[in-house]
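A, B, C, D and E label the chains in the order they appear, each numbered from 1.
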Amino acid sequence: MTEFLAAIDFSGWALHALVVLPLVGALLIVALPARWARGLALGVTLVEALIGLGLWWVFDPSLGMQLRVSIPWIPAYGVNYAIGIDGLSVFLVMLSALLMPLCVLSGWNYIETRLQGYYALLLVLLAGMIGVFIALDLFVFYVFWELMLIPMYFLIGVWGGSNRLYAAIKFFIYTMAGSLLMLVAILAMVWHRWHAMGTISFAYDDLLAYAAIGALGPLKPWLFGAFFLAFAIKVPVFPFHTWLPDAHVEAPTAASVLLASVLLKMGTYGYLRFAIPFFPAEAFAALTQAVVLALAVIGIVYGALVALVQPDVKKLVAYSSVSHMGFVMLGIWAMTVQGIQGAIIVMLAHGISTGGLFFLIGMLYERRHTRDIAAFGGLARVMPAFATVLVIVSLSSIGVPGTNGFVGEFLVLIGSFTTQPLAAGIATTGVIFAAAYLLWAVQRVVFNKLDKPENQGLKDLSRREWAILLPLLAGILWLGLYPGPVLRRTEPAAQAIVDQVRRVMPRVVPPSDLRQN
Amino acid sequence: MLALSQATPEVVAAAAGPAHWIWLAVALPLAGFVVNGALALWRPTAKRAVSIIGPGVLLAAFGVVLWVTRSVAGAHLEEPIVVHLWDWIRAGELHIPLAFQVDQLSIVMLLIVTGVGSLIHLFSVGYMREDEGYARYFSYLNLFVANMLVLVLGDSLPVLFIGWEGVGLCSYLLIGFWYQDKANADAGKKAFIVNRIGDFGFLVAMFILWKALGTLTFREIAQVAPGAFAGGSAVVTAATLFLILGCTGKSAQIPLYTWLPDAMAGPTPVSALIHAATMVTAGVYLVARTNVLFALAPMSSTLLAGIGAGTAIFAATIGLKQYDIKKVLAYSTVSQLGYMFLGVGSGAYVAGIFHLATHAFFKALLFLGAGSVIHAMHHAYHATHSHEDAQDMRNMGGLRTAMPVTFVLMSLATLAIAGFPLFSGFFSKDEILASAFARGASEPVYYLYWVAGLAAALGTAVYMARLITMTFLGGNRTGAKEAGHLHEAPWIMTGPLVVLGLLSVVGGAFNLPAFIGGHAGLEQWLEPVLAPAARIRPAMMPHGATEYLLMTVAVLIGLGGLWWGYRMTSRATLVPAAKAVPDTGFAAVLNRKYYVDEIYDALLVRPLLRFSEQVLWKEADQGGIDGTVNGVATVARALGRVGSWLQTGQVGLYLVLFLAGALYVIHAVTR
Amino acid sequence: MGSFDFLTTLDLSTPLGLSAALAPELFLTGAALIVLLFVAWRHSTAADTRMAGWLTAFSLVLGLVVLVGMGVAGTRAEGIPQMMSVDQFRWAGGAVVLIAAIATVLLSIGYLEREGIVAPEYYVLIILAVIGMLCMVGAADLIVLFLGLEIMSVAIYVLAGYDRQSAFSAEAALKYFLIGAFGSAFLLYGIALVYGATGSTNLQIIGTQLAGAKLTTMAALGLALLLIGLLFKIAAAPFHMWAPDVYEGAPTPITTFMATGVKVAAFLALVRVLIQSFPEAAVTWSPPIGILAAVTMILGNLVALSQRSLKRMLAYSSVAHAGYVLVAVRPGTPYGVAAVWLYLGAYTLTSIVTFGVLQSLGRSGERDVTLDRIAGLAEERPWLAFAMTVGMLSLLGFPGTFGFMGKWWILSASVADGERMLPVVLVLTSVVSAGYYMPVIMSMYMRKSPGAGTYADARLGRAGATVVAVAVIAVLLLGFWPAPLINYADRVADSLHTIYTSQGR
Amino acid sequence: MPVFAPELIGPSLMLSAVLFCIGVAGVLLRRNAIIVFLCIELMLNAVNLTFMAMGQLYGMSGQVIVFFVMSVAAAEAAVGLAIILSVFRHRATVDLKHVNLLQG
Amino acid sequence: MVHAVFVFFAVVAVLSAILCITQRQPVGAIMWLIVTMLALSGIFTLLGGFFAGVMQVLVYAGAILVLFMFFVMLLQLRHKESDIRGPLGWVLAVGIAGALVMQLSGVGGYSAGRVAEELTRAPEIANPAFVLPQAAEVQRATLASGAVGAVAAPMFQQWLVPFELTSLLLLAAIVGAVVLAKRRL
């Protein structure tokens, strides 16, 4: 495999292709007749998925940032189209690319109106998502970051549920509010550097180096605050989460999946890539750390408790996302290798499991046109395969060992317990509530009596639906039982962040040899 | 993919040959799960294939275990054989391989799990044959066994935890097997969630240990812990307390026992396998596994013993007034598990494990016997289209004539559980009580535990006698028409019962105490595993006369209890459930299980739900947080309207504002 | 170039040099007279009006060619320029004005026809207004600036009231006229006092006179009154109150012209005056401009939020955008000037799109085009909806559009100057603005149209459609690839600073 | 005989300011569009006085500018009155109170 | 003498201006403004602007204000009610205008000497006659080329561009006025 990829110079064009291909695909879809839209979209995303898969072999964890390319864009202002991947981003890129064909499949029959627009927007969204993860220039990052809003806005607003207009604009404005402040912060850094060094550069490395020499001075807390807020809204960190349930509930299946699986990860990715490396001292100032940890833990428990009482199954999963993302935040802010590795795994695991849940809910919705939990019950009788998959995916979301969910949560908790025992301890109660809300929901959907007449004729999973779910099930088990290869690839990146923070804030990351033995 | 742990003595090498195939014991049931699961989804009618695959894989696994046992038995392992499968989790210094460890303790458990498991699988073939979820049932059961084997084989806490949660999951699935009835699904969910509370403790315990010791494998814990922790230090106490929380969840002890009686909603063989013989004993196994920690934390041990003793007496009293045959057995199980905890808490790990084994035999037998009875009752009611409760003992009576084999075998099991001399339960229970009593010398609270244990023994004898009496003795109350339909179960069901009956009777032979000529086989067998604890906090045993005295007391209490139970029940005027008057007074309290479920519900569950819905969701989330978000929008809009309202279209006003601006600009510039 | 130096380095004291320096204005004056003659000859039918329109568009394009030619040649003046500057800033600003004017004329052709306004003098007035704007952009003397402003204003007063069937149009003209004349008086008083304080009305001589010392009382008062006069034209709060009413009442192409051309001319004049005459007084004028910028952004965006009529909403949005540009004016640095010019360019192109689409959707002034009235537009007229979407996103400053680049540079200029609050206010009010831009997109794409064929008669005319299409393409193209324009913007800014950069702050 | 009266500069400038402000007051006080415009003319005149006064010191430019201002005033008067007329045609009033179709 | 005349004209100008803005009848207001114009024309003359003074009478009083008068009559504006705003209007008008006067009052403190001083920024050498050589120029030019000629020379040389622009302005005004005012389009 590796030889083959080398032969076709895969590492030379892979990242470009990942961004450009969907954009070209989107243009083609718009340009060609509507009846080709689905097929084209599937084709493009499959190719995209293959390219994404190829990264597995070309990625070398020991190299740090790699596959770097930098093309001048606005030379006068030091803006380059600079991209690359490292251990933090490679799996998020792969997740985005691999989920996409499934998303295309999910709306295969359900989306009937404005096919061209739908599929074109999905592809644009894909390009944006991947762009965010590979951007190594803050201008480019920001452009991709914002660019994603539009397709998502349309996907929710045009193909969404009954209250879609409200949800779409809330999503849009809320996210935009955060990111614009981040824009100011980016500019402040760039121009501060310009005053000091005389050159303008938006390059990640340059700004990182500049932030590291401490010249930003009293500006730093504000800059960090701006970055923090932007990412906190995206994650979403409690209490910035209320856009999420609305957006999830109204979005069409594919958009829900991508929102949960990929878009939320951009927030936490942003922390790991930008906010923390740029401002380690601010991020881990005693008060900040305490506040963030508190918010993360509140998010975990609060999200779970509120999920418990949701009558709408999509809302339930949305709140569960708040809870899960709390784990990611906890893992990051605990600042241990295990915590960060765990955070990355939770990101992937949540991407797969919650994505799976949304796919499943979507399949139900296609059949029954309701998301009200009370409208179901006893479906296992008519849809045994569906019930089986739902239970498995739910279990992975609950974090049962052997599934992906466990590995991430376990790493996060064990990692955070070493430095933040209280927070980790409280967070661990999340595993109880997770079981409570999901199993209760599962019970009310697929178990109990099959007493609603309209549920009695429901068809079990079709072949297309199996095609969507099987890869996810494989992912769930693979990450759950054999996460080693993934962990090995992300470890250097996680270690690098911890080392960096340790250099600046030794208090936060005690050297491991302090342990008793 | 497979690698043996390095640096094992040569003797081990010989034993290791078969031992490194131990993964087969896990893989076989797992394969069974996959195949049966696939059949359940796509060929639910292929019952013959399921009948072969389901029990077949288990028998094969049993074979593998026997083979491994044989090779290990001769090796006198000082160190476990570790079968490293693959790296599971590796992050920084945290390194958790997916590895199995074969040692004396896991061998004992393997034998029980696969042996009893095989019998119960066979029994199930008969019991479940007519169920439409036959294949699904076996796939779950296979999965359960696989997980249980992972639990007992795991060489580290996280790997054990895979099995730990896995069995919980299977328990959830099997309790809710007949999910169409909401009560069953509820019971399954309850089991899982309550178990999760325990798991919370388990997880925190792991975190504490990792933080303190930097390792989670049992071998390294045993090596490192005595050096890292001072005896009774806060950290190890905390770790063990959280482990105890985990154990109370899984093994249905106070305060987390409430799920187990509800779990009887599952098919009866499931109750026998999971909720009597294997899964619920996982807590005991865990304590034995981490014996070094408990030895280092005497406070936790004492608490554990106290929980065990308390649960034993508590559950036994509830068992006295239950009418559902399975509920009686369920509370009996809770009570017996209490015994085991009393044992391991007292430092008598061998006694605990011993009781675990004997309990597996006689309780499995009791459950299967009850299953056989229920099977018969069910058929009878089915034949007459009656909707009476097939599990209510008030509807039974006099079944000894219709089901003689079951009657005899259940009577044997009753004698075993009641501690009738020379039956299996007699030895194991006696050993536990004796060690508790002996511990009392240094820690007087153990005397109290001992008394509680005795009282529980009395209770056990009483309710078991009551069970046998109500079910098999006296006249039949099933109904005139139905009585004719009551039959003994087919051989596929009675066969396993016979085997279990045999084991219940002679099971004590595995660890015959020295004073009656035994050589304490189990004790010697487990010695390498329990050595770390033995060095720190050795088990205490009374000697000589005291021992005989204690034994005599126990036997008398057991026999007295049996007699009392029989007298009490046979004198009572028994009527079928439909005509029975409700219990009153304390009997009602017992019948309603001290209202613990209701109390939990009122104090914890409902307030939490109400709080989540009304306060968190409606007030905080929608009102407070989202209200603020929308409020910002509303305020912006309102401000806009104010601005818009200022825009009156009147030039005069525009000019006034113009001039206000002009005054400001002039002021600002000329300042 | 060599032997053509006399064409690129002009001696304004000679008739030839002066004529060459004024070539675009002279050319357009000639064009205005020709069109006037044409109008005097043929003015009774719609065809005549259309013909005049094409003639005007053609002359404006030629004027643009002349202007761009001078820009490309890099024409400069020898010594301190009298009356008219000869610098890159003038060419750049003039180009934006002319683009706005060309778009206005092309949009007007269809509009006048649709509204049945047969009065080709309209186009003469547009050319005259353009000349006025060019004078404002290029003025080297406050009197020229004032006269340019007056020419522009007089023409626009009339154009605002050009739809004589409409009471709204007349009212708009009256309001604009009264407040405009009032504002002109302040501007004039400011000029008088500056003249009194320095003895000159030449921008650079004023600058030299004032260099190196604190502002005197009279100079400060003069500066203040000048600011008031120009801020009024810019429609900065609280001098903006006329703008929504006038924008709403005026014929839509004229609204476009006001939002683009007038605003561009006034802003560039303001920048030129501040940078060339009062560079050192920045400490004095920066704070009030900053505060007014903030007030303008907040007020414009908040009030726009509560508008139902799209036209009025765009009017308030135009006010808000003036606030954004003021943020870039505030630092008074070359980056700021570059940002002002870029943003004005971006806003001009975008406004052509938004007002153009708006124009196609309504009747008699488009006052009644509300969000409900564009519901489901995307289904029937996808391209119109797409254009409007691009326009809205560009106004919002969304990446991928020229508007984003503009906003990016405004923020850059402001942040680079060490400003903190204004950029934050800018972005927060931008968030507010999403609250009224996005519903437009929402209505077009996410709501059902009231019935099939609702938008069948929405049309721009071929000329208008072409203009809008070109503008959309430009907005997108420059949004992705602004590099050349940005390099040029730096040159524009430098040309204004050439003299004073050495003394700059 | 032309007079050179530099001592009048201060008073002239002050008078100019006062007249300008009277014009402003008039603009604020009146609702009749014609009178409002009249007051604006007064303001322009006041400014002319400033030009004249300063022209005393700086030469003829001041006077020249005054002529430009006059022509501006004339142009504005022509257009302004035409606009008022066209409003009057629609509304039959020139009272600014009633000129409020456009608002909000 | 000059001062007395100036004070007279100034008082007349201010009083007539105040009467202008407070006169109910439009015609009266215009008449009072004509008085103001005349007074201003006197002051222009005092300040050396003979031609400007004459033009003030001719253009403003003679043309512009007559146009106003004509217009008022054309529209037959005979208000039953006064167009003067109520008490709030008074308060605002007087208050704002007063505040504006206060702010602008700084200009009243200027003299030729102060101007010279501020231009040179050196009080000790600030002799107005030396700093402001143009001051005498007005007198000399008026004597040399007459009141009109003195204005004409700079107007067609130095101020040529603005002058031409005025013509464009007037053209725009004519076109505009015609378009708006003609009965049919």
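FYI, a contact is a pair of C-beta atoms (placed from the backbone, for glycine too) under 8 Å apart; a residue touches a chain by one contact, two chains touch by 3 or more.
Keep in mind that this is a model prediction, so the values were computed, not measured.
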Original post:
Among all the other chains, which ones are in touch with both subunit C and subunit E?
Top reply: B, D
Original post:
Chains in contact with subunit B and with subunit E: which ones?
Top reply: C, D
Subject >> Inter-chain pair with the most contacting C-beta pairs >> reply: D-E
**OP:** Would you mind checking which chain's mean C-alpha position lies nearest the centre of all protein C-alpha atoms?
**Re:** A
Original post:
Among the chains, which is located farthest from subunit B on the basis of C-alpha centroids?
Top reply: E
Subject >> Centroid distance [mean C-alpha coordinates] between subunit D and subunit B, Å >> reply: 97
**OP:** Could you tell me the distance, in whole angstrom, between the mean C-alpha positions of subunit B and subunit C?
**Re:** 79
Subject >> Intercentroid distance (Cα basis), subunit E paired with subunit A, Å >> reply: 71
Original post:
CA centre of subunit A versus CA centre of subunit C: separation in Å?
Top reply: 43
**OP:** Going through subunit B residue by residue, note those that touch at least 2 other chains and give them in order.
**Re:** 633, 644, 647, 649, 651-652, 655-656, 659-660, 662, 666, 670
Original post:
Touching two or more other chains, which residues of subunit E qualify?
Top reply: 85, 89, 92, 96, 100, 103-104, 106-107, 109-110, 115, 132, 134, 158-159, 162, 166, 169, 172-173, 176-177, 180
Original post:
Where in subunit C do residues touch two or more other chains at once?
Top reply: 143, 147, 150, 154, 157-158, 161, 164, 173, 175, 178, 182, 193, 196, 199, 217, 221, 244-245, 307, 435
**OP:** Pull out all the chain pairs that touch, please.
**Re:** A-B, A-C, B-C, B-D, B-E, C-D, C-E, D-E
**OP:** Under the touch definition given earlier, write down the residues of subunit A that touch subunit C in their complex.
**Re:** 73-77, 114, 142-143, 146-147, 149-150, 153-154, 157-158, 164-165, 168-169, 172-173, 176-177, 180-181, 183-184, 187-188, 190-191, 194-195, 222
Original post:
What does subunit C use to touch subunit A in their complex?
Top reply: 379, 393, 398-400, 404, 408, 411-412, 415-416, 420, 423-424, 427-428, 430-431, 434-435, 438-439, 441-442, 445-447, 481-483, 486-487, 490
Original post:
Contact residues on subunit D for subunit E in the complex?
Top reply: 2-26, 28-32, 34-35, 37-39, 41-42, 45, 48-50, 52-53, 55-64, 66-68, 70-79, 81-86, 88, 94-95
**OP:** Over in the complex, which subunit A residues touch subunit B? Could you list them?
**Re:** 170, 173-174, 239, 241-243, 302, 305-306, 308-310, 336-338, 341-342, 378, 380-381, 384-385, 388, 391, 395, 400-402, 406-407, 410-411, 413-415, 417-418, 421, 424-425, 428-429, 431-432, 435-436, 439-440, 443, 446-450, 481-484, 487-488, 491, 494-495, 512, 515-517
Subject >> subunit C contact footprint on subunit B (complex, rising order) >> reply: 633, 636-637, 639-641, 643-644, 647, 649, 651, 653-655, 657-658, 660-662, 664-666, 668-670
